[in-house]
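Each of the two complexes below includes chain A, the first together with chain B, the second together with chain C.
Then we have the complex of A and B:
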């Protein structure tokens, strides 16, 4: 049905043409789900945009053929392309928040789309819309579609988006990261829906995603992309189960398995920068080890409640507080890794902020080692815990001050805590610390924007270590990174944890990642602890229903594919 | 050189937009003319002995009766127009730049602190800003002028006109800076680098000025250029209305006020030449401000 041959897409820039997609070929049959997988910058979304004719200006297709049935997609003029979009090819976007018009009722959006492409009465269009929504699993569709998008939950909204894509009976649907913004339970429902639609309605899907688990779960065929080129293509089981190309092999090795804990990821250790002057980091290592109080310390929380002021409903009444965390108690053993896992809104990040003193708990006590740890603003600016606890943040693009040089960012903890007095010594130590986290020492003279996300996250780790901490809090440190970079960073964190006896609190929504990292685990949901215990025990034999469901619904690959 | 331009987006955009380049040249020419007025200008318009009534009301050189001694003509006192304008632009620019500097220091300081501290402090500062916005600049100027007259001895009053005018303009412009700085600070407060600094226990002043300030400079720089233009215009307005500078040390606004008297009597150049000069200055500064906004905020492009 869809046949793409030698597709090449270029973007003119002030440095000459940049080739975003090069010589890509693929075919999609009716009822087939074709996965397009690759890391960020691989050109996946550009392929989708080129096919539907929505390439972002000034990008252009320089070569190749694209045929949908008998129609040559490249030969269409603007008007024909416009008619074809939505009629024969539809698109599902990543974020259901933004792909629906917030000021229009669902009904109006669906009816408008149907009427734009078909010559039927408004009443017929409306009844078609109701049928579609019911097919998508939205109950009581006739009255629900009077609502506005914000009155639906994320998963429901994505169903509406799928209904919108389907309402003109297209032959091909391009789904660009359709489940990335959704929680696992909702993701699993949406994936089931896509699978069913492909089988029942014989719609061809092009599923663009970075998540190999999603591909493994529903795609029939898959194309692996890298740097704009198709690396490997074929039936999913063959490409992922028995990869031929080195890149595919590496990609598979970097995917953290959910069903067992592995020691290390078998990936190339260093990022793209390779310089001969790489420091060993021996000096930094010795400096860290020579810390006077080198024995690890633990951390414990008991009955922590955190509330935020809620929405005021009346000017005469105090607003009801919003409970972010409730009765949180757990102990982190000295020198161990505590994993904290939960979906979005479960209070994971609030927990990290409470520990670091950015949020004040309403009740409960925290203990660091044997000393009491005051919360929020009651923690003095010079409190010793400020040095002992360091944090690695989620977003490497905002956690480093973009106006400061790397050297200045790294030296900050050294002078702030009075660890190294001499300016020159500080710079030397910073450079060496970069070596320890696998970065070239020249980086100290550069600015953060000159580095990739993975490299910045390494710099963030170096900054945390330069405070000579006992406890390292990692809040989703890899969620903004590609899998291969994630694997490298996880390896690095494991090595550092072992070498320096750090106590680590590792927060993530990704169950597989947490299993690889943690000794103990706490499962959070809506601010409450669902289950806690040694992580192998929790993963092998979950007690709480919620944990069981989470483990079941996380898309994974058959274990025989992962050598 | 070409490579260097290609690497810096701002420079690249600059060399690809003729209107911005023209504006830059005009602004630069006026700036140089104003700064070096004492050396460039043919005569010193403040020195009463340097001109004579005999030369009064001479038209520009290209008109009938024009002489090359006074390329842009003279006013009724026989003062050389080109010298008056250069000296006037000098005063206008000094007042504009100083007012803008005072307004930005006051506004950015208050806005940054309001955004960082929040709560009651924020509420108080922003309400004061709202009140300030409700007062017209002329009223503020009259108010300060009145206070200055009240406290200063008479012999100082004349000399203090420049300071009074500068303060009045600064007071009516600081709100813009405060609002922008506050809003940008709110955005930066949610960034993780600020949280990291707070968590480490850095001093609040350091977080505000070393961490946050460099990150909000972009939008502030845009406001600075746009407000420089408004400051110059405001000064011209106040001087035109007679609250600003007196006729013996004329700024551009004063020159325009003087020129008004000759609008209908045929001596058009006394009004129009300073006016066109002011328009050229303000438009070119505004074009540069818009260009800066585009460079710092690529999403608007």
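Then we have the complex of A and C:
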């Protein structure tokens, strides 16, 4: 049905053409789910955009053929291409929160799409829309259709998006990261829906994703992409189970497994490999050791409740407070790694904020080592915990001040906590610290935008360590990173944790990552602890139904493929 | 939503009270009201009696409460200059200013929004560049220069349109309108253009910026990907999503147009509130100035309330009560 041959997409720039996709070929048959997998910058989304004719300007297709049935997609003029969109090819985007027009009812958006492509009455279009929504699993569709997008939950919204993409019976749907923004439970439902549609309606899907687990779960065939080129292609079981190309093998090795704990990740070779620096970070290591190794400390929480004021809707009634965390108690053993997992909205980040004193708990006590840890603003600016606990944030693009040089960012904890008084000494220590996290020491004179996401996250880790902390709180430190970069960073965190006897609180929604990192684990849901215990025990023999379900629904690769 | 509106209404009351306090201070403390009202030959005893009669010896708070109460009853006091009730003077001037402001607003919306959409959709076109350059000129030239230039070309050189006054007006239930006679419309065109040009450029640039932003959004990409007709996409999907910020600015601007039509009114000798205000300043006619202040503040508050209501109409996400 879809046949792409030698597709090449270029983006002209001042420095010559940038080739985003090179010589890519693939075919998709009716009812086939074809996975397109690769890391960021591999050109996956560009392929999808080229096929549907929505390449961002100034990109253009410089070579190749794209045939949908008998139609030559490259030969269409603008109007023909627009008429074909929706009618024969449709698309699903990553974030259901933003892909629906917030000001229009679901009904209007569905009906307008059907009427744009088919010559039927508005009433007929409406009844088809109702049937379709019911088929997508939205109950009571006739009345739900009157709602606006914000009145649906994330998963429901993605169903509406899929209904919109399907409502004109297209032959091909390009799904660009359709489940990346969803929680595992919802992701699993949406993937099932896609699988069913492919089987029942014989729609061809191009499933673009970075998540190999998703590909392994539903794709029939897969193409692995890197730097715009197709590396390897074929039936999923063959490509992932028996990869031929080195890159595919490395990629597979970098995926953290859910079913066992491995010691270190294999790291794919990078082209832009960090050159081994002259100084290995020995000085920084010695400096850190002199302050941290001595005696690791633990942390314990008992009966912590956190509430936020609700939205006031009446003058007379006090709004019900929103309970973000309720009765949270756990102990973090000195020098151990505590993993905290949960879906979005489970209170993971609130917990991190509570620990760091950004949010004040309504009830409960926190203890750091043997001392009481005051919450929120009652914690003094000079409180020792502000130095002892350091945080690594999720988004390395916004957590570093873009107007400060790396050297200044790194030196901040040194003067702030009065650790190193001499300016020159500070700079030397910072440069050496960069060596310790695997970065060249010259980086201290550069600005954050000159680094990739993975490098910035290394800088964030270096900054946190320069405060000589005993406790490191990592809030989703790798979720903005590609798997291979994630593998590198996780390795780094493991090494540092071991070397300096750090106590780490590792927060993530990704169960596999948490398993690899943690000694103990706490499973959170809606602000309550569902289960806690040593992580091997929780993963091997989960007690709570919720944990069992989470483990079941997380898309993984069959273990025989991973060795 | 009811709560939201109630909150806004209560805030508005406080704004009005603050303005009333300003007007009161102006009346009471800028110069001595008694010496403003009396001549040189009035005796000291008479002055004292007048002071007592007017209640100027009463405690400050009591005076302010009485002043606010009078305002609420519609008793705005008397002008020092004309000895007429201020309420009548203002009421007779309001129609001229409101009509001028409305037409200026219409011009800015009817030209500004389509031009904004067009220039956003074809950002590199020749027409777009020309329009953008012209609007830059439009913003840079002061209002009175535009007015004088318009008078020079259309009034003096070509002789097509009258250059001052309202022309023929018809009284409809005490409201003097120029909308019902050709002469009235002819007189309205030049001042309304003068007043509207700045608004127009602002509206256009804002619509353009918002529209370019919205055209990059996911839901527009999704609408394109499912083949929604272009016209519908531009106007139904994109334009309505640009409206919230646009309405905010237009609302604030409309208040400004009413308040600051002073320059335009004086260039065209337009018998509106602005002109009245200028005359009052010249004669230190403090009661008129104070009431003008209150009336203008009232317009601002009213327009902003309407803008808040429009938000709720446009954006379903703000209708908190019906979240399911």
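By definition in this document, the second predicted complex is superposed on the first by the 553 of 563 C-alpha atoms of A that agree within 3 Å, B and C clash if a C-alpha of one lies under 4 Å from a C-alpha of the other, contacts with A are read in each partner's own complex, and residues count from 1 in each chain.
Just so we're on the same page, contacts are C-beta pairs under 8 Å (C-beta built on N, C-alpha and C of every residue); 3 or more make two chains touch, one makes a residue touch a chain.
The structure displayed is predicted, hence computed values, not measured ones.
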Partner chain(s) touched by A:168 [first = chain B, second = chain C, both, neither]: second
Chain B versus chain C, judged by how many residues of chain A each one touches: C
Which of chain B and chain C A:136 touches, first, second, both or neither: neither
Partner chain(s) touched by A:393 [first = chain B, second = chain C, both, neither]: first
Which superposed partner A:66 touches (first chain B, second chain C, both, neither): neither
Contacts of A:151 with chain B and chain C, given as first, second, both or neither: second
Touched partner set for A:357, first chain B, second chain C, both or neither: first
Complex contact set, residues of chain B against chain A: 6, 12, 191-193, 195-203, 211, 214-215
In the complex, chain C residues that touch chain A: 3, 6-7, 217-219, 221-230, 232, 236-237, 240-241, 314-317, 320-321, 323-324
List of chain A residues in touch with chain B within their complex: 14-15, 353, 356-358, 380-383, 386, 391, 393-395, 398-404, 412-413, 416, 463, 467
Complex interface listing, chain A residues touching chain C: 52, 54, 82-87, 90-91, 93, 95, 98-104, 112-113, 116-117, 147-148, 150-151, 161, 164-165, 167-168, 311-315
